[in-house]
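Heads up, the next two complexes both have subunit A, just with different partners, subunit B and then subunit C.
Let's turn to the complex of A and B:
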């Protein structure tokens, strides 16, 4: 019995059924299939929601070990777990107990701790960009020169100080965005879509097995 | 060692220090630099002002987390203020886990009640729906089975009068998505625009613009707001200068600084190329 359950045809068949269940109602109006597809989609949402807890467990495992061993920077791990617990508890959906989305501690932590930290992480990019602008954006050959000029015009086009003084920069920036960029992005999107279709067909036909226990096995 | 060689080998910490000064100075001392209005800002303003009609159901979706807030939060606030001046029904939902928290922050600055909006009658929050594009597809197929209760009061959606006529994606008249990545506009297009033809406007971070342009050109996106600069222009059009206008001087000075770094770096590269 266990050998039968381990047969590779079973997950392939499940994949085909799940895929067709979503694809067919997209193109044809078949109420029974639409209902089944919606039920399947809601099932996926449940699975994803449960997966959130795996993230929490993972954080506790990783940082818990670090605290237990008192390895370097363990106090940061303590902070992570402590704040996670506070956020989780204060955000519990029990408004009658003063918890949930309107809880003042929950909102205070988000606005005054998480938001500035997130903004700080994002703003660090600015330093990398300045370093790259100074050291990496070099006109070493024709291709690099084209990218350099186009990139610099785009940067200048985003600075009101420059576009106000030299309006033609805004026009050039708009042209780059709307002509060569558009053509390139459209090509990339069409290529990616064709690739996705090819992958889907291979998966439906059971040829693509990369997603199955490492794939390959006949 | 020549000056160009010195520049070429300049410690990167000096460029970091200058970047810090160039951004911080205008934030502490606003320069009041002129802000020309771009076609993007006009398109966004005109769409919200003229194309969204009274009674329309607007799906307002902050699809980003804290890292996107410096660039996207000002346009989220400005657009919400603009929408609230109209007589529309607003459904707030997010497929990003921090979306509802971002919206909580927005509510500290904008109170829909000040505009005569009553919760549950004129606007409603549905919170975060996990599951990315699958969740969006499920939401489009049936809103009431995908979201069993609202985010604020935890009541069944059926108990809200405004939700009686908002059952599925087809009942949404326009999507306003402010986003940083996936899920975002391509997913909205597949799950709403393609099957229902739902019009959409998207606000995004600057680096996402190149990927959005094909949707603008095809007419699937009615307007695009790329980044903080256009947010500032939009605030000026609204006559409500806010967070974006306050930050746009820093955008100008930092972009000018980057441009100068590129020029100086290349000059140094060419002047010392033979030596190297």
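Let's turn to the complex of A and C:
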């Protein structure tokens, strides 16, 4: 029995059924299939919700071991587990017991810890862009020189001081954005969409097995 | 025709033609006719990156992106990233590289862990598999990003392979990898992130190249042949683009009406 359940055909068949259940109702009005697709979608949501616990287990495994071994920076792991437990407990959906999203501790942690940390991580992208731009804006060859010139015009085109004095810079910037840039991006998008369709066909035919254990080797 | 949803018929026709052409080339390949595929330097460089990491005595990081498997546009990118992970895991074991796989989506974690574990088992080293090296970091985008950056700063990987769907964290991760001197191979089909990857990576897979990676790496004839099927879609897109430009220029909306069918 266990040999049968380990067969590679089972995940392939499940993938094919799940894919067809989503694709066919998009093009055809078949109420029975639509209902089946909705049921499958709800089932997926359930699986995803259960998978959250797998994530929690992984966090506890990794950080728990670090605390146990007192590895370098183990106190950060303690902080991660401690705060995760507090957030999970205070966020439990029992409003009558004072828990849930309106709980004061949960709210305090969300507003004063999670939100500023997320904001900080997002804002430091500006520094990463600066250092990446410093590296990119070097005229080492023809391609890099084109990037340098186009990038400089784009930066200048977004500076009102310059566009007010030299309106043609705004026009050049707009042209770069709406002609060569847009054409390239559309090319990439069409190519990516076609690649995605080909991947779907390979998956439906059961020959794309890279996502399965060992590329489908048994 | 009432059961066909209006406005989607032409899209369905195009999809069927592309699918048929992909299936046709796969069948041809099964009969022995395999088309030639151009080299993709970014994919060829994976072995070099792993070898470099081993020589330097440093680990390898391989990420399949931050998307789940369900989303219509980013799900296939995760699938492509997992195909690359499968190859990287196999090669890492072959050359003796220590592999880390940071994961953002809890639902993808079992798949990634299973891929790596199976490679260990296939290599006859199942007992050496360490799930701690496939850590679930956080399902918060910047929680994942800060964790990944921290891991890179601590472990100082010799190679950082990131192929899949990335958004705002793409530059944070790739720039950190660049600062610590890791050889970086990146790839995404998210057009807004490609410029960032291009600037800071040693090799970058652009758009559709990431979907070809699985086929390219396995060198399996039917998979390689399916790439030729994509070209039929590309030819259709070019013809429709040219026809659209011409018909609109001459004041006709015939193609627009056709698309709206």
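Here are some notes:
We take it that the second predicted complex is superposed on the first by the 171 of 218 C-alpha atoms of A that agree within 3 Å, B and C clash if a C-alpha of one lies under 4 Å from a C-alpha of the other, contacts with A are read in each partner's own complex, and residues count from 1 in each chain.
Please note the rule applied: a contact is a pair of C-beta atoms (placed from the backbone, for glycine too) under 8 Å apart; a residue touches a chain by one contact, two chains touch by 3 or more.
It should be emphasised that the depicted structure is a prediction, and the values quoted were computed from it without experimental measurement.
By the document's definition of touching, both partners, subunit B and subunit C, reach A:129. Of the two partner chains placed around the shared chain by superposition, subunit B and subunit C are both touched by A:48. Of the two partner chains placed by superposition, only subunit B is touched by A:95; subunit C is not. In the superposition on chain A, A:160 contacts subunit B only, with no contact to subunit C.
Look at A:103: by the touch rule set out above, it reaches neither subunit B nor subunit C. When both complexes are overlaid on chain A, the residue A:117 reaches subunit B and subunit C alike. By the touch criterion defined above, A:210 lies against subunit C but remains apart from subunit B after alignment on the C-alpha atoms of chain A. When both complexes are overlaid on chain A, the residue A:174 reaches subunit B alone and has no touch with subunit C. On subunit A, the surface patch touched by subunit B in one complex and by subunit C in the other comprises residues 26, 44, 48, 51-52, 114, 117-118, 121-122, 129, 131, 133, 135, 185, 189.
For subunit C in complex with subunit A, the touching residues are 2-5, 8-9, 11-12, 15, 18-19, 22-23, 26, 68, 70, 73, 76, 79-80, 82-84, 86-87, 90, 103, 105-107, 109-111, 114-115, 117-119, 121-122, 131-132, 134-136, 139-143, 145-146, 154, 168, 171-172, 175, 178-179, 189, 191, 194, 196, 199-200, 206-212, 214-215, 217-218, 220, 222-223, 226-227, 229-230, 233-234, 237.
Remark: subunit A residues 22, 26, 34, 37-38, 41-42, 44-45, 48-49, 51-52, 93, 95, 101-102, 107, 110-111, 114-115, 117-119, 121-123, 126-127, 129-131, 133-135, 137-139, 148, 152, 155-156, 158-164, 167, 170, 174, 177-178, 181-182, 184-186, 189 touch subunit B in the complex.
On the side of subunit B, the complex with subunit A involves touching residues 10, 12, 15-16, 18-19, 23, 33-36, 38-39, 65-71, 97, 100-101, 104-105, 108, 127, 129-132, 134-135, 137-138, 141-142, 145-146, 151-154, 195, 206, 209-211, 213-214, 217, 227, 229, 232-233, 248, 251-259, 261-262, 264-266, 269-270.
Per the touch definition, subunit A reaches subunit C in the complex via residues 26-30, 44, 47-48, 51-55, 58-59, 61-62, 65, 72, 114, 117-118, 121-122, 124-125, 128-129, 131-133, 135-136, 185, 188-192, 194-203, 205, 207-208, 210-215, 217.
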